[in-house]
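Below are two complexes that have chain A in common, paired first with chain B and then with chain C.
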Partner chain A sequence: MAKVVLKNVTKRFGSLTAVRNVSLEVEDGEFMVLVGPSGCGKTTILRMIAGLEEVTEGEIWIGDRLVNDVPPKDRDIAMVFQNYALYPHMTVYDNIAFGLKLRRVPKPEIDRRVRQAAEMLGIADKLRAKPRELSGGQRQRVAVGRAIVRNPKVFLFDEPLSNLDAKLRVKMRAELQELHHRLKTTTVYVTHDQVEAMTLGHRVAVLNHGVLQQVDTPQRLYDFPANVFVAGFIGSPAMNFLPAKLTETNGQLVAQGSSFRFTIPEAIAPKAEGFLGRDVVVGIRPEHLQPAEPGDDGPDRLTIAVKVVEPLGSELIVYGDLDGVEVGARLDPSLRVQVGDKLTLSPQPTKLHLFDKESERAILHFQELEEKAREEKERVA
Partner chain B sequence: MRSGLKATGRRLLTRLPLHLTVLGVVALWLVPTVGLLITSFRPYPEILSSGWWTVLLRPAEWTKLTAQNYLEVLGKQGLARSFLNSLIITIPSTVIPLSLAALAAYAFSWMRFPGRQLLLIVVIALIVIPLQMTFIPVLRVYNALGLSGSFLGLWLAHTGYGLPLQIYLLRNFFGALPRELFESAFIDGASWWTAFWRIALPLSVPALASIVIFQFLWVWNDLLVALVYVGGRPDVAPITWQLANLVGSRGQDWHLLTAGAFISIVLPVAVFLALQRYFVRGILAGSIKG
Partner chain C sequence: MRTRPWTPWLYVAPALLVLGFYLVYPAMVTIALSFYERVPIQWSLGDLLRAPSCSALKAENSPQRGPCFAGLANYERIFTERSTQIALRNNVLWLIVVTSVTVGLGLMLAVLLDRVRYESLAKSTIFMPMAISFVGAGIIWKFMYAYRPPIYPQIGLLNALRVALGEAPIAWLTQAPWVNNLALMAVFIWIWTGYCLVILSAAYKGIDRDLLEAARIDGANEWQVFRHVVLPTLRSTIVVVATTMTVFTLKVFDIVYVMTNGNYETEVLANAMYKQMYSFWNFGLASAIAVVLFVAVLPFIVINIRRFLEQEAVR
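This part shows the complex of A and B:
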C-alpha cells in the first residue's frame, strides 16, 4: 500500500492540453474517485499514474518513489479497464494468473491466490471457461480478479462499470465497495457517473477541461461546492441557478433577482461584501425547494409556471419556468400538480449558495450558518 | 401455413441463381481434376485410345487401372528426388519470411521509434516492384557470393520476395488488436517480447495461417525463381522444373505427366486442409466490449 501524489502534473497531446497543472494527494488506503464529463482529463491522469502515458510536466510519486520514468510493470500497480481487456485465448484461470506467472511466483502460490480471488469474486466455477463464454458482469469480475491477485500497491479503475447494465452496475458498485473495505488498497477510480463517485469515494476529485475543480468528501462537495461547475455536476437533478444582483437594502446585503430577493444573513455577510453591486448567481438544489404555504408570498418565494411533471413513485420532479430560467424541484409525490399550474416554492433558508457570475467561484454557502451554529453549541457545551 | 410454404418457395427461388453459380464453379474446377486423377491411373495405350470419362461409363474398365505410372515417374524420372527438393525449398522459404514479417509487423504497429513511418512506406513501396526486375542484379550478387545453385540462395530470394506483402498484411492485423490488451499485459509485467509471444501471436493465428498457405503455394508452384537461381541442376531443382521437363522433352507422355502433376498437387492440398481449421471467426470474442 502506498500514497499516490501528483505534483503540478500537465499533459499535452501536441497543441491540446489534456491535463493542466493538477496536484493531488491520494492517501494510503484511500478510495479516490476522479469524476468529470468526458474529455475532462480524468482517464489521462489515471493512465499517467499507470505509466501508459508520459507526463509532460510535473511529478508523479507512488509511495516514496518518483515514477515519471518507471515503466508500468515496475510501478506495482494493477489496472482494470473499461472494456475488460481480457486475454481472449486464455482461460479465466490463466487470465488471472498471467501477471503472477510473468513475475515467476511459484506455482502452488499462484494456484492458491487465483482460487482465493475467484472465490472472493464468485467466479470459482468459471476458472476453466474462456472469456467469450462469460457474461458482462463475470468478465468484469475476471478483470478485477486479475488486478487483486497481484496484491499491488495501488488499484487503478478506468470506468469499470460503464459497460454493464444499470442493475448489474449497482450490484458491482456495492461489491467493489466491499472489496475495498476488505483489502484496503489505495485506489484511484475514474468515472463520469456522479452517483458512482459519491457512493464509492472517500474523497472525490472533480475535473473539468483538464483542470482540477475541487477535491473533497462527497458530502462536502454536495454542501460546499467550490464553483458553479461542481455545484451543477454533483447532485441529481442538477442545482438551479438563478441570476441576481448583489445590492444593499436597509443596511442588509440582498441578492435581488427578477421576481425574488434573498437576504444574506448577517453572520455570513462579510464574505459577500466585496461583491456588492456585482452580478451573482444564486444556487438552490431541487430537493431544497418545498411548496410554500397558501397565502405566503414573502420576497424569497419562487413562483414557477409548471412545464414538466415527472412522477417517480418515491418523489415528484417538477420543472417550471421562472422569468425565462428553468427551475427544478423535488417534491412529495402526494402533491397534485399539473402542467400549466402556477406553483409557489419556498427554499430552505440554510441551503442557498451564492456564486460570483464572472469567475463562477462560490462566494458563500448558507450552510455555513449551520456550521457556525454547531460550533457555537460545541463551544458553549 | 400456406403462406409459410410460399415464403420458403420464394426463398428457394431467389437463392437458385446463387446455388447454380456455386455448382457451376465447383464443376469447372472438379471435372479437370477428376480427369487428371483418372488419367494418371490409366495405362498408356488406353489413354491414347479413349477419353478418361469412358472409365466412369464402363465399370469394367476399372480393372485396367494401374499405379504403374506413379512408380515410373517417381523412380525412373527422378520425381521423388525433386519432390524432396521442393520440400527443402518450400518449408524454410515459408518459415523464414513469416518469422521476420511477424516481428517487423509487430514493431511497426505497436512500438514507437524514429523513422517508423518512413520505413513502413519503403516496405509498402517494395510490394509494387516486379519480381522480374530483380533477377539480373540479384543473380550477379549471387554469382559473386557463390549463392546461385544453392538452397540458401532460393530461401533468401523467396524471403525477399515474400516479406513486403507479409509485413503489410500482418501489420494491419496486429494494428487492429485492441490496445488495452497490450497495456494490460504491460501492467501485468510483460515485456515487448512477452507481449509478442503471449498476446500478439496467438491472437493472429488466422492471419498467420492464411499467409502460410499463400507463401507455401507460391513457393511450391514457383518455376521462374527456381529456374533463374538454380538453373537446371537436378540435385536442387524443384518438382515444377521436373514437371516442365516431362512436358518439354516428351509431349506425348500423358500418363507420366498426369501422375507427376498429381503428386505435386497432393502436398499443397494437405497443407490447406491442415490449416483451414485455424480460420476461426471471432478470435477476439470476449476480450473487450465493443
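This part shows the complex of A and C:
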C-alpha cells in the first residue's frame, strides 16, 4: 500500500513531448483512472510509474521513495498489459508463480498464494493449462492473478479490457471493481473509454496532448468540467457547444447566440463579469434538453431542424441543426419526431455551462446554483 | 472439375525424376561403391556384379586387376587408420566447437545489438563474410595466420601484432592439434556467425516486448529475463539454427582444403574423401567416407524436417 506522486513530470521522445509537466497525487488505496484519446500520454505516464520509460524531467514517488532511478523489478509494482503478456511457454500456475519464484518465496507459500489468487479469480481449474488454451477472459484473469499474487504496493493497468468483447468487458469491469474493493491496493488504470473511467475510478484524470486537463471524481467531472475538452470528452453523446457573445441587457449578463439568449443568474454572475463583450461557448448536454411546451418560445429555447433520429428503445437520440451548429438531444422514446421536423428544445436552467472561447476554460457552471441552494438549505436547517 | 487419382503424381513427376536422377541414383551408386576396392576410373555395374571377393584374391595372391568386393573393409579402414581417425576426431571437434560458438555468439549478439543504436550497421558488418567464398576466406585468413621464422619480419597480421607486443610469433597453421584446428574453426565461425545472428535476431525481434517488460516488472533481472523468457521463446529457432550449423560443419571442406589441405592433423572427413577420390583414385574408400558423412548428417536433417512438419501441423 502506498501513495503514488508525480511532481512536474515531463517525458520527451526526441523532439516530441509526450507528457508535459504533469503533477498528480494518487492516494493510498485509491483507484485512479487516466483517461484521454489515443496519443494523450496516459500510457506513457503509466510506463513511467512502472519504470519502463525514463522520466525526462520531474519526480515520481511511490510511498516515501523517489523512484526515478529505481528499475521496475525493485519498485514493488504489478502491471496488467493490454495484450495480457502471459508467458506462452509456461502453464497458468507458473505464469502466476513466476514473480514469487524470482523473489525466492518458499514453495509451500507460493503454492498457497497461487491457489488463493486462482480461486479468487475463478481459474482454479485452469492452473495446468497453457495460455493459448484459454479464452480472452480467462487470459485476462491470469494476468490479473499474476499481479495480485505478489501483493504489490501499486497495481498498474494498461487498457486491460480493450481486447475483450463488449459483453465480457462489462463483466470484467465489475469484477475489477469488486477486486479492488476487496484488496484496496493503490491502482492506476489507463483507458480511452470514458465509461470505464467513470465506472471504475474513485477519481479520474483526464489528459489531452500530454497535458493534464482535470482530476476529479467522476460526478464532478461531469458536473463541473474545467474546460471544453473535458466537457466534450466526458458524457455520451457529447455535450453541445453553442457559440455566443457575453453582453449586458437591462443590467443583466446574457449569453447572446444566433437565435437564443441565456440570462446568467445574478447569484453566479460575478464570475462572468470579466468576460463581458467576449466570445463565449455555451455548453449543454443532450440529456439536459427537453421538448418545449407548445407555444413556449422564450429566448432560451433552441429550435433545431431534425437531421438524424436514433431510437435506442430506452431513449431517443435526435441530432439537428441550429444555425449551422449540430445539436444533439436525448429524449423520451415516446416522442414522435421525424427527419425534417422543426423541434423546439428547452434546456434545464441549472445545467448550462459557460466557457471562454479563446482559452476554452470554463467560466462558470449553472450547476453552482444548485450547490448554492443546497448550502443555503443546510444552513437554514 | 473431376480429378483422377494419378493427376497429382503428374505434377510431382518432373521433380521426382530430377531428384531421382541427381540424388537418389548417385546415392545408391555411392553406397554400392563403398563395398568395393580397386574400382577403376571407368567401371560398369556389370564389373561390380561380377567382381570376385578381395579376400579370396589376396589369399590366392592373384594378379587379376579390376574391382573386387571388399565387404565392410573400407568402413573398417575409416575407423582404424590413423589419417581417417584424425579426420573423425576433428569432425567431432568442429561439430562441438563451431556449432556452439556460432549459435552462442549469434544469440548473444542478437540480444546485445538490439540495444545498440547502430544495430543494422553492426549486423551488416558481421554478416558481410557470408558474401565471401570459402576459398576466398581461406586465402584471406592464410595471410592473417602467415608465419615466418622469428629472424624475418612477420607479414601475417596476427604474428606482426604478437611481435610488436614483444611476443614470439606462432605457427598458427602447423601447431597441432589445438592451435591449428582452432585457427581453422575461427575462419568458419567468422563466416557463419552473421548467418546465425540474422536469423536469431529476427526471431528475437518477434518476441512481444510486453513479455519482456512483464518479466522485468515481475522482478526479473536482465539475465533472468533472458533465461526464463527469451530463451524458451527462441527455443525452436535455436534448434533449427543449431541443426543447420551442424550439417554445414560436418560438411566442412573448402577452408581446410585451401589452408592446410588436412596436413598437421587438421584433416576432416570431406577433405579426406576428396583426397581418396581425386588424389589416390580410391573410389571405394572415398565412397565409404561419403556414406559415413551422410549417415552422420542424417539425424540432424530428420530433426529439422520433423520440426518443419510440426510447424505445418500447428498451422
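Assume the second predicted complex is superposed on the first by the 381 of 381 C-alpha atoms of A that agree within 3 Å, B and C clash if a C-alpha of one lies under 4 Å from a C-alpha of the other, contacts with A are read in each partner's own complex, and residues count from 1 in each chain.
The rule is short, and it goes like this: contacts are C-beta pairs under 8 Å (C-beta built on N, C-alpha and C of every residue); 3 or more make two chains touch, one makes a residue touch a chain.
Owing to the predicted nature of the structure, the values given are computational and were not obtained by experimental measurement.
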Combined model on chain A where chain B meets chain C, clash or fit: clash
Residues of chain A touched, compared between chain B and chain C (which is higher): B
Which of chain B and chain C A:R361 touches, first, second, both or neither: neither
Contacts of A:N163 with chain B and chain C, given as first, second, both or neither: first
Which of chain B and chain C A:R65 touches, first, second, both or neither: neither
First, second, both or neither for A:R132, with chain B first and chain C second: first
Touching partner for A:R112 - first (chain B), second (chain C), both, neither: neither
Common interface positions of chain A, toward chain B and toward chain C: 50-52, 71-73, 77-79, 81-83, 85-89, 98-99, 102-103, 146, 150
Of chain A, residues touching chain B in the complex: 50-52, 71-73, 77-79, 81-89, 98-99, 102-103, 130-134, 136, 139, 146, 150, 163
Contact footprint of chain A on chain B as seen in their complex: 178, 180-181, 183-191, 194, 198-199, 202-203, 282-290
Residue ranges of chain A touching chain C (in the complex, touch as defined): 50-52, 71-73, 75, 77-79, 81-83, 85-89, 98-99, 102-103, 146, 150
Chain C residues touching chain A - in the complex, by the definition given at the top: 208, 210-211, 213-221, 224, 228-229, 232-233, 235
